[in-house]
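Next come two complexes built around chain A: one with chain B, the other with chain C.
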Partner chain A sequence: MNNSRLLKEWKQLIKSGNKYNITPITDEDLTHWQCILQGPNKSLYQGFNFTLKILIPIDYPMSPPQVKFIPNTMPHPNVDWNTGVLCLDVLKNMWSPIFNLQYIVECVIRLLNEPNGDSPLNLELGTLLRLGDHSGYNGLIKYYLHHHQSHHGDANIII
Partner chain B sequence: MKAWETLDTLKILQTHIKKSDSNRIMTEGYTYDYSDDDSADSIEFYNSGHLSPSTRKDHLTKATKVTSILSQESGFEIDDGLYSDNDYDDYDQAYLDNVLAEPISSQEKKELSKGTVPNLKYECLTTQNIFENMLGKVNHLQPIFNIPSEDILILLQHYDWNEERLLEVWTERMDDLLIEIGINPNHGKSIDKLSTKDKINDDELNQATGASRDVVFKNKFYCIICCEEKSTETFALECGHEYCIDCYRHYIEDKLHSGNIINCMGCSLALKNEDIDKIMGHPSSTKLMLSSIKSFVSKHNRNYKWCPFADCNCIIHLKDTSSLAEYSRLHYSPFVKCSHSHKFCFTCGFEMHAPADCNITNAWVKKARKESENLNWVLSHTKECPKCSVNIEKDGGCNHMICSSCKYEFCWICEGDWAPHGKSFYQCTLYKNDETNGNGTKTEDVAKTMKKYTFYYRMFNEHEVSAKLDWKLGQTVGNKVKALQEKMGISWIEGQFLTDSIRTLNEGRTALKWSFAVAFYSDSSHNLTKIFVDNQSLLSKAVEDLSELLQIKDPEVIMAKKTEFYNKTGYVENRTYALMECGRDLLCKGICKSG
Partner chain C sequence: MNQADKIVENLGKKKNKTIVTNLLSSSQCHICHEILNIPIMLSCGHNYCYMCLKSWFKTNENRLLGCPDCRKSVDVTPAFNLFLDHQLKFILNLVKEKGVDSKWDQTLSEREQDEAIYKNDVAKDMLFANVFKNSTLSVVDMDDDGIPRCGNCHWELDPDDMDEEENVCPHCHYRIRNNVAPADSENVMSGSVRSIANDLRRRAEEYSEGEYDDIIDDIRRYSDSDLESGVDDYISHEDSANRNMSLHDNEAIDEDANSKSENEDELEEEHDSEMDSFIENDEEDNDEEIMDSEDEPSSMSRKRKYSVLDDDEENQINNDANSSEQDSDFYEHNEDEGFVSGDSLDDGSDNEVAQNDQEMDEAESENEEDVSSRKRSRRGQVVLSDDE
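Here is the complex of A and B:
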């Protein structure tokens, strides 16, 4: 475990204003992080907050961090609804040690805006997306969001 | 010891004589050649930094060793037609005579003369051999591509060593391809075309000044991967993404097993093999190449099969798989032999399972796995002597037991008196179908099938254990041959009959073992099944006799009984062949079905 790298990333995050709220869960332990993600503007997720859990592996930055949403909070074709696990190439085979936590969070936000129907973890949403059933797709996401998430800024923090 | 020396020289001579021949087999379709006269290209390639000349020499010796074993042991895969006069010209006639004197076992003759299915043409390779073939492809492509060989290697690696696909893409979009794969076409002159992975760290990027593709020492270097400032060696490609050597080593070490191209951590520029070796400080790129070849083999599992034997690294390459369908239609199995003499079925990857075909084998193995969960198989290696109840451990392959305390002679399988076994048929292979009452209830039927299965499984198991013990016996045979040579002063060739016997014995046992799987699935009322069972008995008897003969330890007795060895070995061979053919007949006529 390379602590100076994580420490440096933490300092850099504070210095740059930390716009994605990426914070370690406790100050002593830099291996468990959490990020309160605001649903991107003009997306179906606008107005909702999502908690992203980040686990740093022992050989970080040679191995990518493990990133997942809190289970049953994120309706998205590339996110497993029940476990919160997400499918993102930069977190798997495309990972490079040069990437940092902020970049990963940016990638997750990009994924929220650009869902990929070809490798779905949420099969219903993936199918709707592939079939081009936009109203069905949007409707299902809205249904999920309104029934499982608190509205407007009430950050859904589960510790 | 003199005899061993002659043996070694003989082997070396054989290697020499067959070398040019085997080369041709290895290189069919490729331009790569081991012979020194026309391999200027390959030498150039090795000298270009990928492998040192000394390693090349090692590979050569290794390759010739493998091919020599090939040509020695598997006469059936090398066509006689390949021996042209030119191959012999350089060698003395005397050496040639030695080679020709090498006995061809009648088993192999039989395989040649069978003729009903085409002989399989295959080659036994190692990952190293395949890699050398790939280097041959590289040399082949080099004049067409006109870029450094190392770059072609990376391109081939990217396209899973598929020459045709690479050529296709190459002709379509040459320049784009080079950029896409991360090979800088202008060698450091332009890097703006390269897609940088991300811009976030650009401000910290050490725009290297001329330091490219070399390990350099820096006094105060800040590495953005580990975030440490230290005096360290660093490495950077033309792109200028410079990182400390420790981080680079970690990064490469993790990727060596994948077999994929390793890129710069900051952009898509590819690390060449020489870069990898430079960073790691030792030739690690061979590890990467071999992992890449391994994934190639796994992806092409229709033509390439790993030898299933433990710790064996051989790969069997069957170029033409079209005859496999014919094999399975006629209930033959495509058995192949690797250069370590491991025989296995190319279709199902199981050991030699004749007379059973792949379907029967599969059904039998599955059933055995299932039944062993239901039944508690207590098939121990020790039994009590039926007469004096002393515990006896079976340490040899023969089923003819003589109790060491009371000298009672009995059969290991049925624990009955040996006397009737020796004279008439070997009774133990006959499953006595107690068909006293035709109208049994259902539970009785189930019990009967179970009993039948238990019997056949027991027989199968007994022969498996015996075969394993025979294998141990085979190792002592080696010592016996040596003892013969030392004591009696006989030549290696003359002592060969013992090794032949043990091989034949093993083949006979294996056939016998699998014949019980065939017998289990056969319709026992059919006449042909009865003939099959008779054949089983005959082989059983022959195998036991031969096994007994091989227990002799005194070299002088062995030499005295040489003709007996020949006769019994020949008999086992014939019986094995007859049993296999009979079993195949059962399968072809549909009397034996796994369903």
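Here is the complex of A and C:
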């Protein structure tokens, strides 16, 4: 079931235009996927691209896929800066087998728009958000983004 | 020609084709994205393949089972959807007759394999890998202090003793499929009262301790309740209560039960019982029958009197219900200040409620009275039907 469902998802993605650029890393192996995520409009991440790595477990869709950003690329309260691991309930205890890859990516985009200060993996950003220091929060994210961009060139400005 | 034939004839060939296409595409299992095989329906109406649901339940064995689509908790063993199975088999056979490629044959043989597994599971009585066997849900009765209990044997469950991985009832060893949590006492409050209470709690430091509790009590008592109707209720109730005391006849109970069951609003009931106890307070001085209340020192706190009177009423109604045991029962409870040990459960929940009334702090005693008055009204109804 594992492979046939992933194959169906892949076909479905191609058919529907694949607007989030979700692709398997190699065509033979459908357990490693990646997604080039564009920073959502009107968010601090607008204009930046991020790479999302998706690892499909053997018992997918009964277990959720492991999703993470490339380490040291995503400044976000719910993303560990050093490992890129996300804190997202639908990828943990709220997982349901009806979710598919596209839905997961949509959830990640929603997380970028709506950071949650209550379960931070990035403590600095989480604290700033919880204390309501918006200028500090925005400034730190911008600093991270530009600092990272100038040093690694992975997240390139597309405007 | 029956109605179904007429419809098909009127639609024409092209429409019939779209109907079959739509039927097949809407009969997909949301888990494996294939056409449903051995459709199993949950209580919410969502259908999944037996094999898909089995593995989903198996991976979630130690959590509350939920519908993958709507998350509604799966309390009972889901059932095989025979009707849908027949329809899908019929359509698939039609396709088969038309002649299909080898891939389709493979799909069909896979379906047959799964069906064999299902039949085997049914024969061995181990559906869903026994997830639903020897397991139950913890239940919380709001009328019983909101203590979580085993759904199978009603043994009291302690949330602190429960293991995150595997909850097991210490008494009957059934697996508990949901989280064991005591009910929040605030759940008893109605929505508007809760919002006012929360608002007050935020400003709680402005009040002294007792003052704050009193205010909360007052709000609970009077919000939403119409004062005038409350007084009317109180008069009719007082009438029946008086007769109840002196006559101990069934008619009085009938009326009592009626006047209470009409009284749907909990808050009104509360109001009513409170007024009642004020009146009985006055009667204490000359009414010999309320022995228990007379024994109480008059300097007792207001709240304690309430609970004692409450107990009194409980006893009387209880005595009426079991008139054969009336005397022994009545005096047993009234001799030693009206209370027996809370552990003696042989006399049902009445003693427990009374006992708990005393242990409760002031704020919660109102809730408790409310609960017990509801219990009383229910008991009244039961008695009524017994008489008939």
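Everything that follows uses one rule, which is that the second predicted complex is superposed on the first by the 148 of 159 C-alpha atoms of A that agree within 3 Å, B and C clash if a C-alpha of one lies under 4 Å from a C-alpha of the other, contacts with A are read in each partner's own complex, and residues count from 1 in each chain.
The rule is short, and it goes like this: a contact is a pair of C-beta atoms (placed from the backbone, for glycine too) under 8 Å apart; a residue touches a chain by one contact, two chains touch by 3 or more.
Please read all numbers here as calculations on a predicted model, not as lab measurements.
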{"item": "Fit-or-clash call for chain B and chain C when the two complexes are aligned on chain A", "value": "clash"}
{"item": "Touching partner for A:P97 - first (chain B), second (chain C), both, neither", "value": "both"}
{"item": "Partner chain(s) touched by A:S119 [first = chain B, second = chain C, both, neither]", "value": "neither"}
{"item": "Touching partner for A:K8 - first (chain B), second (chain C), both, neither", "value": "both"}
{"item": "Touched chain A residues, chain B compared with chain C", "value": "B"}
{"item": "Chain B versus chain C as contact partner of A:D59, first or second or both or neither", "value": "both"}
{"item": "Contact residues common to both interfaces of chain A (with chain B and with chain C)", "value": "4-5, 8-9, 59, 61-63, 96-98"}
{"item": "Interface residues, chain C side, partner chain A - complex", "value": "30-34, 51-52, 55-56, 58-59, 63, 66, 68-69, 71"}
{"item": "Chain A to chain B touching residues, read off their complex", "value": "2, 4-5, 7-9, 59, 61-63, 96-100, 102-103"}
{"item": "Residue numbers on chain A that touch chain C, as the complex places them", "value": "1, 4-5, 8-9, 59, 61-63, 93, 96-98"}
{"item": "Of all residues in chain B, those that touch chain A in their complex", "value": "197-198, 200-201, 224-228, 241, 247, 250-251, 254, 263, 265-266"}
